[in-house]
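Below is one structure, written out as structure tokens, with a few remarks after it.
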Amino acid sequence: MSAQPLSDSGTLESPVLSPVRDLRRVPIHPDHWYPLAWSKELKPGKTLGVRFAGEPIVLARTESGKVFALEDRCAHRQVPLHAGVVDGESIRCGYHGWTYDCSGRCIDVPYLGKERLPNGVRAYPCREVAGLVFVFPGNAALAEERPLPEFASVSDPAYKTRRFGREVKCHYSFMHENLMDMNHQFLHRRQMGQMQARSLGRRRGDDWVEVDYTFSRQAGKQPVGEALVFGSSKDRDQSDKSVMRIRTVYPYQTLQIRSTEGSLVMDLWIAYVPLDAQQRTNRTFGMLSIRKPGIPFALDLAWPLLVWFTERIFKEDRWIVEREQEAHDQQGADWNHEVFPVINELRDLLRSCGGRSVIPIREIGYDKGEC
Amino acid sequence: MSAQPLSDSGTLESPVLSPVRDLRRVPIHPDHWYPLAWSKELKPGKTLGVRFAGEPIVLARTESGKVFALEDRCAHRQVPLHAGVVDGESIRCGYHGWTYDCSGRCIDVPYLGKERLPNGVRAYPCREVAGLVFVFPGNAALAEERPLPEFASVSDPAYKTRRFGREVKCHYSFMHENLMDMNHQFLHRRQMGQMQARSLGRRRGDDWVEVDYTFSRQAGKQPVGEALVFGSSKDRDQSDKSVMRIRTVYPYQTLQIRSTEGSLVMDLWIAYVPLDAQQRTNRTFGMLSIRKPGIPFALDLAWPLLVWFTERIFKEDRWIVEREQEAHDQQGADWNHEVFPVINELRDLLRSCGGRSVIPIREIGYDKGEC
Amino acid sequence: MSAQPLSDSGTLESPVLSPVRDLRRVPIHPDHWYPLAWSKELKPGKTLGVRFAGEPIVLARTESGKVFALEDRCAHRQVPLHAGVVDGESIRCGYHGWTYDCSGRCIDVPYLGKERLPNGVRAYPCREVAGLVFVFPGNAALAEERPLPEFASVSDPAYKTRRFGREVKCHYSFMHENLMDMNHQFLHRRQMGQMQARSLGRRRGDDWVEVDYTFSRQAGKQPVGEALVFGSSKDRDQSDKSVMRIRTVYPYQTLQIRSTEGSLVMDLWIAYVPLDAQQRTNRTFGMLSIRKPGIPFALDLAWPLLVWFTERIFKEDRWIVEREQEAHDQQGADWNHEVFPVINELRDLLRSCGGRSVIPIREIGYDKGEC
């Protein structure tokens, strides 16, 4: 008996066996704003080469501070423009000096007359918000009408924000599922002790799904790191009614914790940007805002511990989702046997909001056949 | 003229040109007991992730010392169970805590009622013999009737046994051929001087083939390391009639040396276990038993030298068989031009006892066509 | 608008849009003499394993100093002969001792009678010229009639020669185009300052194309390294008429600088030898001869600076052509949009002189389709 999809008639939910698309082969939909870099990574007068789902994109910040995004290939010999030079408000390719303005138009070829300049390269809509450089990689005509994310807590002085993120070698969908299924507290048992999540209910809209949880401690006492992030357990013992809400609003995800009194004590915004064409690697951009406690500077003093704690948690998550991706690569299909309702709704959402094409994958495994 | 199979009419043996299966693409037959780990690698209360021909398998030793083997994938999200926790006589997955007993049955999902537990994972027959953990990866119904190897010398106090082995990046068949063709002494000329092997004859059964050799020194004097392993050349000069018998009993191999008086002075048992699905890497498990000489502790004192000597020999063998595999990868076919009769019989045996399917390989080379 | 071939009607030259072969998939033609090693790499009594377009070739130098080239695979088990032993005027395979003479004939198998020796391996015509070992990898019948390159400056005591080269991860055609298009001075702006190349005209024959340039400095002053290689700018200001001629004579390339008086001050010969079957890596063999100035030892004293300068230039060139290759790998086709006439003639030459087959490539990219 093998670990393939089962048709048990669990009362929670039966795994879907209809011929749905393999979620791990659904490309992220390009018609949204995606963060491709932190603002501080892009210095004045410099370029930065980034990627979105295999597309090379060069970000440039002119001396005047303006940021723009072009296809990261010179129209001439296809070498990356990010190896070139910012020259005034334009980029000059580092090979033969072809020059492009912020709209991608070729405005100079040093050894060619101005009247016979070739065409240029693609330009992408580009915005800077809350310390992130957002690019709209899809149909540029839709960029204006699509909203950029809002970051209320980040700009609110009542909160302190930690920016974090790393490359993670998996499809973005594993990231959404990891965060939304709080039964995975068992993974963090060394950091958090044994916590039991209880789902309070879930809701769904066209492009979003959310779920609420409360938590109770099964054994052990609360680690210090956790108290910092989620609040001290003095406030949330048996009578604790703190509620964690995890929400995917395509393509972003948020996690918010409200105290019993309804105050927002923690506010996480997070995005997972596919880097390679196969979308087997994503770069995670997270903004974790923590409400400052009454005592001045208490949170600042505790900050290094919070950084350490969140890094440990994130490292465990990264490790496990990369193992999920490896399993998919070897099995060549999605053998997941999901029984938790909100995760099945989330999977359905990611499928329906994703791109229409199918990511072609290389099969690594080998079907043994009979022996 | 290229190094392709030849049709010379050698009196020894003509290379077979009939459309036989490429031996390097014959999978090992799974209906045998294979060693997948040394006992000491599997600590009480711990797991160990191993592989057989691409199949991930988790070995677990419970606190009570019992060993069992399961498919190394949680039925839920396919992550490796070896990253989980041994809990009593079961394994708990490290992600969401799904729990399996030694038969692979799922006995707990923390957030699901016991009455609606999903199916589990595959279990493999598993036995511990002579410090090795054996698993039966094929049809479990055949496990009982298939014999486990016997290790008479290992348990005999008249012998001292060295356990050794490494990963070798080649198909298992190269390993069998390397050991059985003693004309490859030339490879070990730096370790052994110039030895000439003489074949005394060969025999074959349904699932075995064997050959006997005697040796004579061509030049130089006997190295100390060799004297330890094969006996001093004082005893085996011109009148020496020590006989080396090499035998493949599918899928294992043995090499035994008997002195002129018929006493078994060296007894090697060895197995080559494919790790990856393409079976281009094997893990070698060797048990080399040396009969202790009359002088107490003489062998113990000499042991470090023997270890050094056998490691050197094994390193040379490993290097050359990996070059054979590389050549096959580049040529995309088996261009071997074998002229030594017992090797051709061995190749035929490995083909006929192997799995029936064909290992799909990726062609690396490039056919130049005409220019 | 994407960086694909354009149909602009530039007066210089319109990119060719006819269904021509992708130049990056044209194999180099094997019916020429190619340098596969520096003479000093091949010691007396030793072997050296090299490659030409994926073909493994062993070079051997006997104790008497004779050099020969064979297929680098034993006819027996296909292991590399370069791991064997030079024995008199022959090579003995390191595995079972099969022995080959310089014509590739098998002259000994230690355990086989001389009367039943198997066939041998392929031999290649081989010559040593000017410190390079040349091999003719194609049709050996054509070797005699095909000329070896001449190296007049290398043997002329009026010149000092620097031998250099490295592996570069790109198709050989990128190397030819890089050197011939002197508008790429912009790439070396840090080493050379801003130089403007002016094309004086181009010529073409059946198997060659050449172009002449003069240079003028746009800004900054002449770096010392450049003065050494190209001559001091005192001699070549506004009235300077030094001419650089770059010539591809298939499959080699030369760059010569003549002073206003017509004296040859710099003479570079260079070849790019594909190493792998996909011809995505080449080994560059360069011989840079500089005419010695009147002052004795001046050039010797300046040599370290010249080495440093040329290494820096070569490193920049290597980096950029490897980016060109990467772009081709990702795009799966040649999107180059060449507007400089001599480069288009060069590309046409490389296509017409190259091998007739097509290099099969693996597509790495992923066509997103509609979303």
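Each chain carries a letter (A, B and C) given by its place in the written order, and its residues are counted from 1.
As a working rule, a contact is a pair of C-beta atoms (placed from the backbone, for glycine too) under 8 Å apart; a residue touches a chain by one contact, two chains touch by 3 or more.
Chains and their UniProt names: A, B, C = Phenylpropionate dioxygenase, large terminal subunit.
If you're wondering where the values come from, they're calculated on a predicted model, not measured in any experiment.
Of all residue numbers used where subunit A meets subunit B, under half belong to both copies. The two sides are thus made of different residues.
The copies subunit A and subunit C differ by a rotation of 120 degrees on their C-alpha atoms, rounded to the nearest 5. Separating the CA-averaged centres of subunit A and subunit B is a span of 46 Å.
Across the assembly, subunit B contributes no residue in contact with two or more other chains.
Put simply, subunit C touches subunit A in their complex at residues 1-3, 6, 8-12, 181, 183-184, 186-187, 196-197, 320, 323-324, 327-328, 330-331, 335-340, 364-366, 368-371. Within the complex formed with subunit B, the residues of subunit C that make contact are 27, 29-31, 53-54, 56, 71, 73-80, 83, 92, 94-97, 104, 109-113, 116, 118-122, 138, 277-278, 355-357, 359-360.
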